[in-house]
Amino acid sequence: MPARTLVEAVNDALHVEMERDTDVMVLGEDVGRAGGVFRATAGLRDRFGPDRCVDTPLAEAGILGSAVGLAMAGWRPVCEMQYDAFSYPALDQLICHVGRYRWRTGGAMDFPITIRMPYGGGVRAPELHEDSPEAYYVHTPGIKVAIPSTPADAKGLLAAAIRSEDPVVVFEPKLLYRTARDEVPDGEHVVPLGKARMVQEGDDVSLIAYGAMVPVAQRAAGELDASVEVLDIRSLRPLDEDAILASAAKTGRVVIVQEAPRTCGFAAEIAARLAEKAILDLRAPVVRVTGYDVPYPFWSIEDEYMPTPERVAAAARRLLEF
Amino acid sequence: MTQVAPAEPDVRRVIGDGGDLADRVVAGLTETDLLAIYRSMVTLRTYDERSVVYHRQGRIGTYAIFWGHEAIQAGAVHALADEDWIFPSYRESAVGLLRGMPPETILAWWRGHPAGWWNPAEFRVASIVVPIASQVPHAVGLAWGKKLRGEGACSLAFFGDGATSEGAFHEGANLAAVMAAPAILLCNNNGWAISTPVSAQTRAVTLADKARGYGMPGVRVDGGDVLAVYEATCEAAERARAGGGPTFIEAVSYRMAPHATADDPSAYIDPERVRLERENECLGRFDRYLRRVGVLDDEIAQKLSEEALAAMKAGIAVAEGLPPPDPELVFRHAYAEPPPDLRDAG
Amino acid sequence: MPARTLVEAVNDALHVEMERDTDVMVLGEDVGRAGGVFRATAGLRDRFGPDRCVDTPLAEAGILGSAVGLAMAGWRPVCEMQYDAFSYPALDQLICHVGRYRWRTGGAMDFPITIRMPYGGGVRAPELHEDSPEAYYVHTPGIKVAIPSTPADAKGLLAAAIRSEDPVVVFEPKLLYRTARDEVPDGEHVVPLGKARMVQEGDDVSLIAYGAMVPVAQRAAGELDASVEVLDIRSLRPLDEDAILASAAKTGRVVIVQEAPRTCGFAAEIAARLAEKAILDLRAPVVRVTGYDVPYPFWSIEDEYMPTPERVAAAARRLLEF
Amino acid sequence: MTQVAPAEPDVRRVIGDGGDLADRVVAGLTETDLLAIYRSMVTLRTYDERSVVYHRQGRIGTYAIFWGHEAIQAGAVHALADEDWIFPSYRESAVGLLRGMPPETILAWWRGHPAGWWNPAEFRVASIVVPIASQVPHAVGLAWGKKLRGEGACSLAFFGDGATSEGAFHEGANLAAVMAAPAILLCNNNGWAISTPVSAQTRAVTLADKARGYGMPGVRVDGGDVLAVYEATCEAAERARAGGGPTFIEAVSYRMAPHATADDPSAYIDPERVRLERENECLGRFDRYLRRVGVLDDEIAQKLSEEALAAMKAGIAVAEGLPPPDPELVFRHAYAEPPPDLRDAG
């Protein structure tokens, strides 16, 4: 298996899926001529033509709104939002239509729309290039959400998203686009939605994370002299609740790591499920290590905002000593 | 590219006023066609008037009245081919009737009953869209997608004057032009967005002036003249199929009824103006035209309206005869593959 | 004290605050000539003129975006979103600007913007007139959120929002607009943000709710033969965490009621805080009684979706028997 | 209402080409004024060129180059009164220099340092806005709000050709016209939105054509001609103050540099076209004009560019001398009254 960076794996998935299914098309800002500002769509326009890899006008609601119509016409649109925060103009179409249209037809029509976007901080970028918006998406009925942390999952989850009859949003951790490099299966590779990935098994404390926070959790595990379990949930909806509950049952101590602002982030959802379904297993508080309820800071101090291995390890120690 | 001069005051008309303004004929329309259009208008008018009654009787919920807008809806739909798609707003809730949708389906929608669901592909009529202008990008995407597949279909989106202020209209219209999508953007300028007059909605001299900003043709028609709407829509559809891209049509009309059954316009609308508009309403105008050209008489008119009424009465009977919906439907259809925990709720 | 419906209390608050501070202005769709589709702004245009009660074009992003500029010009804009779901086109301005602009100026400028909207279901309305979008708002840094359940709080919290130097979103339970009728103080009445309201004290189980779910919780309390505490949090940010923890410490059993879709709703945030800060007090699982992760259903079956006193009572019984 | 004919190909120019096209003069501009404008352009040019160097040296982060757009920025700002507000995008990050903002502030912004914060009220320069077109409604609200308060100020929003496709532009522009807000919408049509040519952005014949859809004047100027931009902006500001409402100005320019330091345009842009455009860049054109009219000579030019360079060098020194920011700032300024639990994060 060849080693690929995470963004190369995304590009590979797009090539494979567009090859496999001629109904798949990619649209977005600068995805064609330029191949995407992160090169995630590089080569697609040459390979599949400007009709299947479309440079759109600068209009996110137009992109996602037209994807609804494209799906009605039989296409499987893969929409790129150029950056996390630039997906917000499309939230109206997402909430009112992408998540509801299948229901609105009584299930008569599917809307196999994929939305993919680079997300997250730590990349020394100007304002509004570092958001982690997954909570807005996962709170929206009718939407599925996946967030890979490895090149192989980036390929496999995107493939699953593209093949899904339901709308799926894939958040790609831009911090890992080029720093994460690992073996990625050639050709068709699908990672089913709804299955967590056990990163490492342990007995004393569970670190639950997704996306760019998975390596942070792994580094935290390395700093702890305890038997640490690290779980990458990688699919927020559908969620592998069994894997989470099993880990909690085993260790009784759970730290959840989330980069996004704290309030109503996905870590809250996981903690709430533990409070409801694992109460007798918990031997200590459920701790969320998260970003703060503040605008993502200037990059010279962004490291203060981002959850660090130290913060995660400290939280875990509190639980171990509880 | 046909474009309307910004200040062009006069709107296209086909139907005369029986006096100085002479009638025109639309080339290619047979008597049968004319009667079919008339029939559609009667169907819509009947649906609308009965719905208002049913609402008062508590047999349907809040309802968006379209009395006086039948010419726009029927004129446009008759100009389309059967495979062309229609994207209605709540104001065109019953437009599916002209595509063979049974009235009970639409009545069920207004009764808040899941039997109000329909399959857009079956009728080439998209679902009723409530958020203003948000259906415009859908219509554009459909048209663009059909074109990419080499299928001849085009799409038509209905929306109002207020909708032209929304970003969704703008992004959709611009995308349509850029992709040369075979889409028809049909704006029913009825002068009001609930209580907001079009004069407070925009400073554009005409709404058709907006077309130029997208590099697409913008035409104005008399929205009370079903044949003018028909003719303009035919031209737009031809242009679309010929690869000429989208057209913006401003159908100039007037809202002669409350915004919806819940609305009381007395606070903001001039009743005298409404009275005058109602005297000149579109069905009567077409009726008189057809009689002038000798296509319609009392007998046919009577027959058609009785048929429409019978269909509507049958429809409400079916709708009211429906069993109460299975609550289970709350959990159905949101997903092709529902997440396992969809029912978790304490 | 005169008795007022909840919507009359909103209208009263607007009159009082506009009278009190000539910088306060109201803008939105149909708020002027028509006085609002729910009559919440009735009389304002006549009383304060069309410049301070403005009928805007049909453009939610334009309304909220211009409010940012109006605030820079010294106004205190009160924006009405006509219905919950029609606020979504403005989310981009909310997230990128309303919640960040003060920060962006290093605190040099305040953005005393109020957003108010009717929200929630149970009113037999067509699609997209029944959403409960509070999670999108409370997850957004820089934003405060209040949700009254009584006429007096509707007046007092709206007054606090208008007087706040921070942007505040007030969700008004439209189900209670005319059904909730109670005494409302005349003249100036301010209910500070961040203080929960103890609806009824009890020792066995706590029912925590907000907005239209408070009466549901109260009815549930009536059905239970136990000593039930009902807490109306009424301010989601700032949150009266002490009141929540105190109640949990007292009863050890907590049911949280939320109308919005379940995943990442505000009930999850409350449950997560309990799992972190009340773990030793909890004598039973923390249960969330919520809406479902589905599009809000047709109104003929909406009662299946809405949390009911029965569902809440059943959840409480499970905890009492745990 | 002055309005541009849709297909009007020629853009307004003041500066001639030294040959057949004669120079014009702008009434009321003294030699001092002309030199002040020149000085501003030199300041901006120097800021931009040094910033690209500083980026290469790793002394600032990603940077949005505006080389060749100085005429648009300086021409517009000089046409404004001191109390008028400017709403920049990232492309006009340094426009505050023309309002007395120290270079270190802007350099700090690009260094990701909180010293990059400034008080908009101090300079009547709003914060740099990154989401495309989203500053347009702010500028409109500010102008509208000032007018409601009876203050004379107007606002000017800078944005690009790509921005005209966004709903935020549309909603802001329409609102500006409806409220007769004293706002100037200045579109820098530099032909590109990153890799997307304006031909793929819209089918409008000119971007100024969009103005008609809002019922506002739309004018086109040569964006490389600082005096043409100045003149058009003066007229727009006058109209705005006189209650004539907003104006849309399309400044036709070309992006002669990468979109930003991170961008490699070789994949999509024709280097030959860029070379030609750079030969005709705006500062050189104005420099030659000023020499033709006898206002500028080597000595003054030299002096001004040395001053600008010195200021810039002082600015980077200050910026680099700043102490590392207090991490505590993560928690500051989001709220006037922060929620008590702002620091909770495990």
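Labels for the chains are A, B, C and D, by order of writing; each one numbers its residues from 1.
Keep this in mind: a residue touches a chain if its C-beta (ideal position, glycine included) is under 8 Å from a C-beta of that chain, and two chains touch if they have at least 3 such contacts.
Keep in mind that what you see is a predicted model, and the values were worked out from it rather than measured.
Participant: In terms of CA centroid distance, which chain is the most far removed from chain A?
Facilitator: For chain A, the chain whose C-alpha mean is farthest off is B.
Participant: Could you state the distance in Å from the CA-based centre of chain C to that of chain D?
Facilitator: So the centre of chain C lies 41 Å away from the centre of chain D.
Participant: Roughly how many whole angstrom separate the Cα centroids of chain A and chain D?
Facilitator: Averaging C-alpha atoms per chain gives centres 36 Å apart.
Participant: At which residue positions does chain B touch at least two other chains?
Facilitator: In chain B, 114, 131, 165-168, 171, 174, 178, 200-202, 334, 339 touch at least two other chains.
Participant: Mind pulling the chain C residues that touch 2 or more other chains?
Facilitator: 57, 59, 61-62, 85, 88-89, 92, 96, 99-100, 103-104, 127-128, 141-142, 237, 276, 287-288, 292-295
Participant: Can you tell me, using the touch rule above, whether these chains form a line, ring, star, complete graph or other shape?
Facilitator: Topology of touching chains reads as complete, every chain touching all others.
Participant: With touch defined as at the start, can you tell me which chain B residues reach chain A in the complex?
Facilitator: Chain B reaches chain A through residues 85, 114, 117-122, 126-127, 129, 131, 134, 136-146, 148-149, 151, 155, 167-168, 171-172, 174-175, 178, 332-337, 339-341.
Participant: Enumerate the contact residues on chain D facing chain B in the complex.
Facilitator: 3, 6, 165-171, 174, 177-178, 180, 200-205, 209-216, 245
Participant: Which of the residues in chain C end up touching chain A in this complex?
Facilitator: Result: residues 61, 85, 88-89, 91-92, 95-96, 99-100, 103-104, 127-128, 135-136, 138-142, 237, 260-261, 263-269, 271-272, 274-277, 279, 282, 284-288, 292-295 of chain C touch chain A.
Participant: Spell out the part of chain D that touches chain A in their complex, as residue ranges.
Facilitator: 61-62, 90, 109-114, 116, 128, 130-133, 162-163, 165-168, 193-196, 200-202, 262-263, 267-268, 324-327, 329-331, 334, 339, 342-346
Participant: Considering only the defined contacts, which chain C positions touch chain D in the complex?
Facilitator: 25, 51, 56-57, 59, 61-62, 64-75, 89, 92-93, 96-97, 99-110, 141-142, 144, 164-166, 194, 237-239, 241, 276
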